[in-house]
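Listed after this line are the structures, all set down as structure tokens.
Two complexes are shown next, each including subunit A; its partner changes from subunit B in the first to subunit C in the second.
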Partner chain A sequence: MGKGNMNEQENAMIRIHVMGKTYQVPAGLTIMDAMEYSGYRFIRGAGCRSGFCGACSTIYRREEDYRLQFALACQEMAEDGMYLVQLPFTPAPRSKYNLEEIDPSENVLLQYYPEIARCVSCNTCTKACPQDIEVMDYVQAALRGDIARTAALSFDCIQCGLCTMRCPADIKHYHMAQMARRIYGRYLSPVPNHLEERLCEIEEGVYDNELGKLMAMNKEELGIAYAARIREEAK
Partner chain B sequence: MRKSIERVKATRAKRLEAGPPSPMTAEEREDILEKFHPDYKPEKKRKLAVGISAGEIVPHEVADIFEAHPLFDPADVDLSHIDYDVSVLVIGGGGAGTAAAIFAHQEGVSAEDILVVTKLRHGDSNSIMAQGGIQAADRPEDSPAIHYLDVIGGGHYANKPELVRALVLDAPMIIGWHEDIGVMYDKQDGKYLEAHGGGTSRMRMHSAKDYTGKAIFNAVRDEFRNLGIPVLEFFPAIELLLDEKGNAAGAIIYNIETNEYKIIRAKATVLSTGGFGRMHIQNFPTTNHYGATADGLVIAYRAGANIIDMDSVQYHPTGVVYPTAILGQLATEKLRSQGAVPVNKDGEAFVFPLEPRDVEAAAVIRECWEKNNGVETPSGVRGVWLDTPMIEEIQGKGTIKQRLSAMWTMWHRHDIDITKDPVLVYPTLHYQNGGVEIDEHGATRVPGLFAAGECDGGVHGKNRLMGNSQLDIYVFGRRVGMSAARWSKRSKPKKLSLQHIVDYDKQLKKAGIETDRVSPILLPDYRAETVISSSLGRFI
Partner chain C sequence: MDGLTYFPGCSLKEEAKEFEISAMAVMKALGLPLIEFERWNCCGTVFSLTEDDLMHQLATIRNLIRVQENGSEEIVTLCSMCYNTLKRSSLFVNRDKERLEKINAFMDREQAYEGKVEVRHLLEVLRDRIGWDKVEEAMTHSLEGLSVAPYYGCMLLRPREVGIDDPDNPTIMQDLIEALWATPVEFPFQTECCGSYQVVDRRELIVERTHRILSSARRSGADVVITSCPLCQYNLQKTQSELKETIPTFEEMPVIYFTQLMAVALEVDSGELPSPLLAGLAIEEGVGNGER
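After this line comes the complex of A and B, so read on.
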């Protein structure tokens, strides 16, 4: 089965090394597509294929370059001479908690994830992050008890776990940050009044009659009502 | 391409002043759909030859997996050895399944008496990929009744009224639940920051930047993990089990790494297996996750659950066209709800930017192929511009990085700055509008089998609006969780049977279908043709 209307033109070929084996693939593919082109059929290591799920963490080296690089295979382009290794997602321990019962004060993150105090500010986590998140900065914010900043800085986290795999201090960054975002959402960002009011109205059955009428309408009547809607303009 | 971008830039100020083109009338919408929407090509579909919905028209790709043999011979399976015996089995670990498990637990089923099985990792799903938002009528200017009218009009009046009612009336409560579990919705001045979506008449799109699905699901899954409900990953269900009376009784699951099967007996079964994007209907690229191969639909159909609106496919109007490496990935509708307008190669706006998705997609196709006003990439794919820099002109500088950071990052990885340059887009396969027919409790035609999320059918009619799939996931995920819990309390352990599989295969033979196709297909195959044709299969 094809991937759709690709209609790729004849491209130059490049070499990639997949776990030590060398393959020729067309230029212009992502790492994931290049590995599939080579004949790999993923079970692990492929998820949303759009950069949102963190299933396809990849480490690679370039020829003649000692540094390890980190990427999402579905987002990063394959380059000539890449040495590729897929990292199947590796779960890290997470702390159980009851959001309703915790005390959302500044020590709460340290209480559930005490190892954040072991952060040596080496910045390895930040360098490993394929989302360009300032990971070390949010760990430091968490240490200071700044839940709002931890939540804001970590917002784009896709929980691929690369930070946690690289950390010399065994910090579980992405679990801790998830907890911070939930505490922020639950306790530090008030529920708008207009939601509460609407919930009361629904509870009281305010809309039952109107909805009942709409449900009883035939297609023609609905068509007239639909056409008569006036679209709200943005202010 | 660069020259065309210059024309887009040159016309921008004028377009901003004039505002976007007006929405189409009902007649204009019908006309453009009939002529240009891929759904309106009868040769791309056929009547189903077998099963409970025989005679229904579906895309060939769907008919192919329905008119196929099971993955195994029922005679080879030992049903007397039960590996897992639970009250509630949830098949599919996306948003709907995870919510179903949480609410089954809330309804009184103990955590260890619930089991979630999922083909890939827990959360590998379209649920986490939703970018733009989730609809809920919670502003004083809005009401569930107006939401109802938007939904059913967008769906061409084919939606089941009781399902739309449930969708719009539960919506504010679902937002409230998300608040309780700590989802960080976008807010400003003590209110939600709400925007329009295609086909809405009120601004009711709630968002969490353009990571809405991820932000919601990650909180939901985190809550699920706190409850300690067990999950089996990399274990797709490959067939449902029934009892001798035809009630749902569990499933056979399959370890896709070791090829081993396991038998699950359950008092109630929830299907939350998502849609069919990776079937590449009409050879379109897709926005969907790797596992979106309609497995649940196949096994539910063999078990006797009927389908509805499966003739209808959603093509998202704006999939990425350039760079080709990310062809078909999603350019969120939120780009348009924040002010970006589709324009052709000469920089002319040709359609109201927030028509319902089917109409908007048809307009892009017409512009590219009938009017010949598309832009062709070096690899020969056509698209139109989505003029993203307009967003910052309208909403203020910095808006894109602040509210659309996922979009900014996606193109930035390919050295495209969407605050300065427009992006090239074309419709991409996005959503399964129909599915297994449910009632307002999420019950299917098979007693004890419930369905929620993209695999359910009847909620969206012939076209879903933006922000209503996230809503479907959690409204019906919650409902099926509670329904399954209640059902399980009234139900006794059952004697397991695969007779329906034997019978279905007989029907295939009777209908004269001779094929070596097998289903569910579980995962797509993207290996190069040269590799597939020389494969011996020893290690597959």
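After this line comes the complex of A and C, so read on.
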């Protein structure tokens, strides 16, 4: 790397404002890395660091934009002039239910989360979702008793809680949608026959012999067997 | 696309499935099918009377935007309540462009609503576009001998500016009944409120109204009452068993959707019908229910 290049890199600093205090950080960092660079240590508000756990909900505004923006700190890049704050926790109790005992009829979501009927279709939840989920659409699907659609539309939800913090109707979107997905999985999704068959085969001991052979191998033999395994053709 | 841009509303997917099933079948038979548009949301349930409460207009206007995005200038509803809310909201924003501008500015990710979508109730389409004579022509099973009381309730007729007919003296459902060769029965409580959402915490009030409304229909000679509102239907039908417990002499009265009556006459899928009514019509159970 040439000297000029080094200087350029050093010069590429941006300003971020964390809870009102301004810091200079190198460009090209995620919000989470930029905050850590500024000296913050995450005790809450960080988990997987790869966009899956939903712990790092972040709210920000750009200097010249009236809109509030929402992101996962571990995923979004810090930009010059961002005003940032973390939201490590959403106060939203879950309704209690026993999945085995509920009646999976159209009204069940409304019964456990009656506040969904308060939705005014403002779409604020959708705008808050860092996963680009059509949050309002899944609330609306729930309202009309369409459990399968609620489950499908909310599938990518990582329970970050941002929608719930923004909703003027005090709906607890992600808990309600999780219930929908559970009901869907328990009562509505098609039964995979091949899985049932395979489980029976395992119980009957069809694979005991093969498994025994694997258990008896040492590491080296296992390595060879692994390399020589039959792979499923990509379709 | 030759059909009507149809707005179902939540009730028609839950309590009032029979309404949708029968309406779909009837309109298909009449050659003007109902086509449910993409991504509709709840109508807003009740029209907000607070002039500056624009938040409660968002649901309706968002629906009208979706219709506009679909390239349609008309939205047809079956539920009287949805009709009322959508229609009043569309008038509300059209009357004052400032309101509309504010709503459009709030919904800054959506197309701006241009104020051009017409809200119609299916009964209006039947009367004004299809015509009672066409309905009569399509009939294959005459309802001669059946006395039918139309129950309008509030939402189809009031306030006057959104009423699909004269709010004091409506005839639109009588005309439909006549087109099917049944006998329309007029009774004094046909535009009386059923008690609406009071059913949630003042059920006794609904029971009392059901008694008053249905007994009056009975005294006037009705075999069946028709309605176009899932909430009226629920209130009038579901409280009858309670009513019978307190007043054993009360004679039960089937309350069905007008589209179910049409489905019987056109011999298409009517959805489930109360069995005493089927017996009265000399129709076997299951007839007309085949397509499901």
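As a working rule, the second predicted complex is superposed on the first by the 193 of 235 C-alpha atoms of A that agree within 3 Å, B and C clash if a C-alpha of one lies under 4 Å from a C-alpha of the other, contacts with A are read in each partner's own complex, and residues count from 1 in each chain.
Keep in mind that, in the parts below, a contact is a pair of C-beta atoms (placed from the backbone, for glycine too) under 8 Å apart; a residue touches a chain by one contact, two chains touch by 3 or more.
Treat the numbers as computed from the prediction; the structure is a model and nothing was measured.
Asks: For A:178, select first, second, both or neither according to whether it touches subunit B, subunit C, the two together, or no partner.
Replies: First partner only, subunit B.
Asks: Does subunit B (first) or subunit C (second) touch A:114, or do both, or does neither?
Replies: A:114: touches no partner chain.
Asks: When the two structures are overlaid on chain A, which partner does A:50 contact: first (subunit B), second (subunit C), both, or neither?
Replies: A:50 sits against subunit B, while subunit C stays out of touch.
Asks: Examine A:193 and indicate which partner it touches, taking first as subunit B and second as subunit C; both and neither are also allowed.
Replies: In the superposition, A:193 contacts subunit B only.
Asks: A:93 in the overlay: touching subunit B, subunit C, both, or neither? Say first, second, both or neither.
Replies: Neither subunit B nor subunit C is touched by A:93.
Asks: Between subunit B and subunit C, which residues of subunit A are contacted by each of them?
Replies: Shared contact residues on subunit A (touching subunit B in one complex, subunit C in the other): none at all.
Asks: Taking the touch rule as given, give the residues of subunit A at its contact with subunit C in the complex, in rising order.
Replies: 106-107, 117, 119-123, 127, 136-137, 140, 143-146, 168
Asks: Residues of subunit A touching subunit B in their complex?
Replies: Contact set of subunit A toward subunit B: 1-9, 28-30, 33, 36-44, 46-53, 55, 75-77, 89, 94, 96-99, 131-132, 151, 155-156, 158-159, 178-179, 181-187, 189-195, 197-199, 202, 207, 210-211, 214-215, 219, 222-223, 225-227, 229-232, 234.
Asks: How about subunit C: which of its residues touch subunit A in the complex?
Replies: Touching subunit A: residues 8, 10, 13-14, 39-42, 44-45, 55-56, 58-59, 62, 106-107, 109-110 of subunit C.
Asks: Note which residues of subunit B are touching subunit A in the complex, please.
Replies: Residues 23, 25-26, 120-121, 123-124, 126, 128-129, 137-141, 143-146, 148-150, 152-153, 157, 161-162, 165, 168-169, 172-173, 175-176, 179-185, 187, 190-192, 195-196, 200-203, 208-209, 211, 213-215, 218-219, 222-223, 225-226, 228, 234, 256-257, 280, 283-287, 289-290, 323-330, 378-381, 405-406, 409-410, 413-414, 428-429, 523-528, 531, 535, 540 of subunit B touch subunit A in their complex.
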